[in-house]
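Working notes, structure below.
Letters A, B, C, D, E and F mark the chains in the order given here, with residues in each chain numbered from 1 onward.
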Amino acid sequence: MRENNVKKIWAEGGAVVNAWCAVPDSFCAEVLSHEDFDSVTVDCQHGMVDFQAAVSMFQAIGTTDKTPLARVPWNDPAPIMKLLDAGAYGIVCPMVNNRAEAEKFVGACRYAPAGYRSFGPARGLLYGGGDYARHANDTILTLAMIETREALDNVAEIVSTPGLDGIYVGPSDLSISLGFPPSADPSEPVVVDAMETIKTAAREAGIAAGIHCGSGDMVKRMVDRGFQFCTILNDVRLMALGAKAEIAAARGG
Amino acid sequence: MRENNVKKIWAEGGAVVNAWCAVPDSFCAEVLSHEDFDSVTVDCQHGMVDFQAAVSMFQAIGTTDKTPLARVPWNDPAPIMKLLDAGAYGIVCPMVNNRAEAEKFVGACRYAPAGYRSFGPARGLLYGGGDYARHANDTILTLAMIETREALDNVAEIVSTPGLDGIYVGPSDLSISLGFPPSADPSEPVVVDAMETIKTAAREAGIAAGIHCGSGDMVKRMVDRGFQFCTILNDVRLMALGAKAEIAAARGG
Amino acid sequence: MRENNVKKIWAEGGAVVNAWCAVPDSFCAEVLSHEDFDSVTVDCQHGMVDFQAAVSMFQAIGTTDKTPLARVPWNDPAPIMKLLDAGAYGIVCPMVNNRAEAEKFVGACRYAPAGYRSFGPARGLLYGGGDYARHANDTILTLAMIETREALDNVAEIVSTPGLDGIYVGPSDLSISLGFPPSADPSEPVVVDAMETIKTAAREAGIAAGIHCGSGDMVKRMVDRGFQFCTILNDVRLMALGAKAEIAAARGG
Amino acid sequence: MRENNVKKIWAEGGAVVNAWCAVPDSFCAEVLSHEDFDSVTVDCQHGMVDFQAAVSMFQAIGTTDKTPLARVPWNDPAPIMKLLDAGAYGIVCPMVNNRAEAEKFVGACRYAPAGYRSFGPARGLLYGGGDYARHANDTILTLAMIETREALDNVAEIVSTPGLDGIYVGPSDLSISLGFPPSADPSEPVVVDAMETIKTAAREAGIAAGIHCGSGDMVKRMVDRGFQFCTILNDVRLMALGAKAEIAAARGG
Amino acid sequence: MRENNVKKIWAEGGAVVNAWCAVPDSFCAEVLSHEDFDSVTVDCQHGMVDFQAAVSMFQAIGTTDKTPLARVPWNDPAPIMKLLDAGAYGIVCPMVNNRAEAEKFVGACRYAPAGYRSFGPARGLLYGGGDYARHANDTILTLAMIETREALDNVAEIVSTPGLDGIYVGPSDLSISLGFPPSADPSEPVVVDAMETIKTAAREAGIAAGIHCGSGDMVKRMVDRGFQFCTILNDVRLMALGAKAEIAAARGG
Amino acid sequence: MRENNVKKIWAEGGAVVNAWCAVPDSFCAEVLSHEDFDSVTVDCQHGMVDFQAAVSMFQAIGTTDKTPLARVPWNDPAPIMKLLDAGAYGIVCPMVNNRAEAEKFVGACRYAPAGYRSFGPARGLLYGGGDYARHANDTILTLAMIETREALDNVAEIVSTPGLDGIYVGPSDLSISLGFPPSADPSEPVVVDAMETIKTAAREAGIAAGIHCGSGDMVKRMVDRGFQFCTILNDVRLMALGAKAEIAAARGG
């Protein structure tokens, strides 16, 4: 089975720089995949992306060596299993708040006896290779989002869930849940401490710590602090940044 | 009928900063339309966009006050008329090389007796208003691309075509046609002179001069030289610029 | 944040006439939005509409001043949150049968601490405005469908759910649940009484009462009885009515 | 090969009442096909419909006994042949202005030696039957639109084109071309006379006369005058008629 | 209401040969429907098919006399009810492991009082007929997949669920759940015995037994053993079989 | 620029076995690309495929090492240039009947001064590589279909067109044009001789000879006769062959 590049980078002690797709279009995803990211995540939660578009986006990403991942809209077996069958090499699951939810999530990504994923890998087989059934449980990445006070309180039991490969911090939701306005790059000490607590818990449990970042600069800071999977904004936010800079130059002085 | 903002800016002596959509997705187009452009052009030629996607992109642009335009794949009546019926407020037509082609193009954009556009404005009526039939010929913009040596030789007869509102320089094709490698911001004197010749011919004929630009900085230079309709790259190129800058910051100094 | 026109009409003591879209197409939705409705609801339950089509339909509605709403297929967080992120200004949720279900529904529409909606408003931000995060909880409309005997029995506890803005009667399902054939305009006294009971409970709880109507005439009757949010059939039923009338004229007396 | 119902009705001396689809959606087309029309035309010219949507619309129409037709965006071989391969049982071609254009149009609909249609009937074979190749030239309907002054001047030579099954009047374009505002139901004597001239020329040449009508009432009048193929508005106009009537009732007297 | 051909074949003592669609395209589904199958199932679980594509696939199947069915991605009311409203004449539900899940599944397919399906049959009404509401509960097919050890243990209580029309064995998942590698045509005695146990339980409960088969040959064997609803691979597997055979011939001996 | 595998095989004296896609779906194209073909052609003429679907199909093919090609609907610049910009590595052009048409076709595939292709390679750049502009004229394949009596008469002048890489015989159209029923594997001596004449003319002109074949067996025969580019039916025909074989086994002898 094709190797999971994210796992390889982690095994080598590196940190992954991840792209994020909110536009439900495969050409847009392909252009983004040609930039210097390590993985590309199709966002089926807050992105404007549904399953049918995701399939063609995975195909676009699959023309490059970037690892295709997906964020599901919710911790439900249907989107998790469908996106894996479409060729996602890992799932980011939002709002995992306790051990039971973590187990539900991980189980949906693993064939029995490790979980309850239903067999029929379809495009996953084309992308992963003929031995998909044998290696999928070890190759597919599971990242649980820790983004609420409840999850923070339960972080120890979540990170120790068998089969969980990492956690992923959602700074905006975490900020809201802790009583502050949403922020993509929180400076509020309570939130910053929570992010540190989550990261430490993950690393001590031997799994990876990831986080959604509001800029490339934040990625650098987070990697320096020990995060190993850092996303930079998303496709449309990058486009808007590019547009603002060029328009400013166009409209002059 | 809703006013054509591009014509209004020109009437006030201003220059239009235009966005360009290569991604066949309405959400992407809507995000771009929220940036500080004056108009947004759906590129049905080199963009990955076909008619069906263009319709929803015009709807997305139509949620803002940016003027929706389209570049057609070729100087054929079918795409010109279909895109106008879908609500485009102007057409950029590639490879207009002589007077006959210019007349063919303009005629496709105008109802009789000014042209041979077929009546049935569909979404154009929703966007433009109930008096569309009466004012369309005066409102819809016609921009002929001058991008070959033949067109350069015939520029005088092209710019004087009745009903033509402006010309639009394609620097890459013009460079190739004049014997140089394609360039989005030509420095080759032969090409630079040709661009100047075209602009001057247009302005002297009393119509607008536009040009596709490789950066915001080029837009500023072109506006200073008298161009009145300047596009900055396109959606995916802006996204790639944004990505490169942020990745550089992420992967650190 | 852009005002919710439905709430404004209610605040002024008026009743909302609502359109209903079963066709998964943005042009059809745009044409309907140009008729004299106050709001337009994209039906993701019984309509042939899934998320990807809904996004472009919201864009189409967004070219007008009609308030965009959505009916979700079921009381699940995923479609509720996705449709809100796509720009819906309110959710109609089917089959809300008790207080727990009402709280689950309302919570999915509200950011913490009022609920558990995940943050990432995407197109909602473009449509609503830059201060979306601050005002969304007060702007987004929540309408719970009361359409079963169980819901009827629990109507008092449902209508008092904090954050619930209104109820919406589904006459066909209510008829079936009470033991009668489905009817879009019930005359069966048991059903008519149930409709009255539901409306009264809502109004006494200080929230709005809505209902799906089988004709414009029924809308008038329901508004006279105190309903404040009345839908007329849907797009294809209106088209069929128009077709029947014109065909009758065509095939002659 | 499945019989062409339009030809059958004509052979029996009847007149066809035709539906017209501008919405690029198969569910909308299917609903319309369940009303009492004889044929359903997918409008790829002024409708918001491109090829991919047209395929699924033909499938939807194909679930009923209504004859599927298409209007092409222009007199080009590509859309004509593609739509026939997709299962259209006839083509309405806009802006046929002289004999050469009529021959170009008819030739694109006929296999050699009668024309130059390329072989590969694809979905046409599924819909028409295994003997499609043998009977297509006799089954597929060709309707040339007569809607300009030039066409009016050349009507005799157009209607006598071998293989042409009928003409189809576009009242709005004909009005414009003759110097009047567009009208779906012209009362201007010059236009009314032109319509009569065209119809008479067709009938005398032994082919059918069709016309686009602005109402069911106009269909009746046109049939009484000898037209044999009459369209009533289109899907969205019928929907808008239905909506206006019901909203008027809803908003009360 | 249109008869359910699957039920008719069973009533006559026959066995159904079923097609399976993983390609989200209506033309592909239509071609497959023209082959000698009795029913065609749109696979929304492991197929690359989401709701919007499924609608057009049902339309394509609906141009033939094959019975349209769907496999849902999971035992959730939303996809079950949406696919029924889109015209599915039966649902195959994966991973039904106990009586409660079986009742949840069946209830989603039945109007009250037999279940809790919400009323609004949309395209189901067009396909089934005007008396859909009266006969749907008796016409719509419910097939629960038995494919885990847990389901095997609970098979007696599952097959006796009121309203359940049959069970459907998923050999690959059943193999995995029983501790063996996935197999489309299991020879492992433990699995073979489990398949026999399930079939016997179903037949003794008076409901049908179905199974997914890895070849036409396996269908024959399973029918001989008493299975009454047998699927042959899926569309892409059949295409690959055809391709392998022809390529072998092409590349020669 | 990525090498054109078809040209490489020819340079090595081999023959290409080509796949053909009529289904407008990227998953179907991806599955076919995993079979043992050398190239995969997206059929935008008789296939049910339009531009938007073609883009995602090229992405799917691009996940493998098979060379992506396209057949255009007609000899028009718009579809030729759009499909090349979308990443096609070659164009099969139908109905090329004389030298002027051949030059028109080839010119649309070549940048100046070799032709008049407009510059803006978009996805072609992603697929081909950063030096696309420099090598495209030498890499992109041009195959003219010879399938009419007129083309047969003009074959010498067609095959000597500068920049033409090969011809492609369409046996069905050629049969019809020569006065016989369409046949995918003609045995009629007149047609067989014409095929031989065309092949010989191509080979003598130093360009490749290709042909559409009705079976793998025919491919073998054609390769033995000197054809170097042979297509086996198409996706749906292969699927139907697979279905017929398995159904026969299922319904059993």
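As a working rule, a contact is a pair of C-beta atoms (placed from the backbone, for glycine too) under 8 Å apart; a residue touches a chain by one contact, two chains touch by 3 or more.
Bear in mind the structure is a predicted one, so any value in this text is a computation, not a measurement.
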Where chain B and chain F overlap in contact partners, by chain label: A, D
Greatest separation from chain E - chain, by CA centre: B
Listed chain pair D-F, B-C or C-D that repeats interface B-F [over half of contact pairs the same by residue number]: D-F
Gap in Å, rounded to a whole number, between the CA centres of chain F and chain E: 38
Distance between chain centroids, defined by C-alpha means - chain A, chain D (Å): 52
Residue numbers of chain B (touch at least two other chains): 22, 24, 27, 31, 34, 48, 50, 52, 55, 76, 79, 122-123
Interchain pairs in contact, sorted by label: A-B, A-C, A-E, A-F, B-C, B-D, B-F, C-D, C-E, D-E, D-F, E-F
Chain B to chain F touching residues, read off their complex: 22, 24, 45-48, 50, 52-53, 73-74, 76, 79, 94-95, 147-148, 170, 172-173, 176-177, 179, 181-182
Parts of chain D lying in touch with chain F, wherever the complex brings them together: 50-52, 55, 76-79, 81-82, 85-86, 111-113, 116, 118-123, 133-134
Of all residues in chain A, those that touch chain F in their complex: 26-27, 30-31, 34, 55-56, 59-60, 62-63, 122-123, 126-127
Interface residues, chain F side, partner chain E - complex: 17, 19, 22-25, 27-28, 31-32, 34-37, 48, 213, 215-217, 219-220, 223, 230, 232-233, 235-252
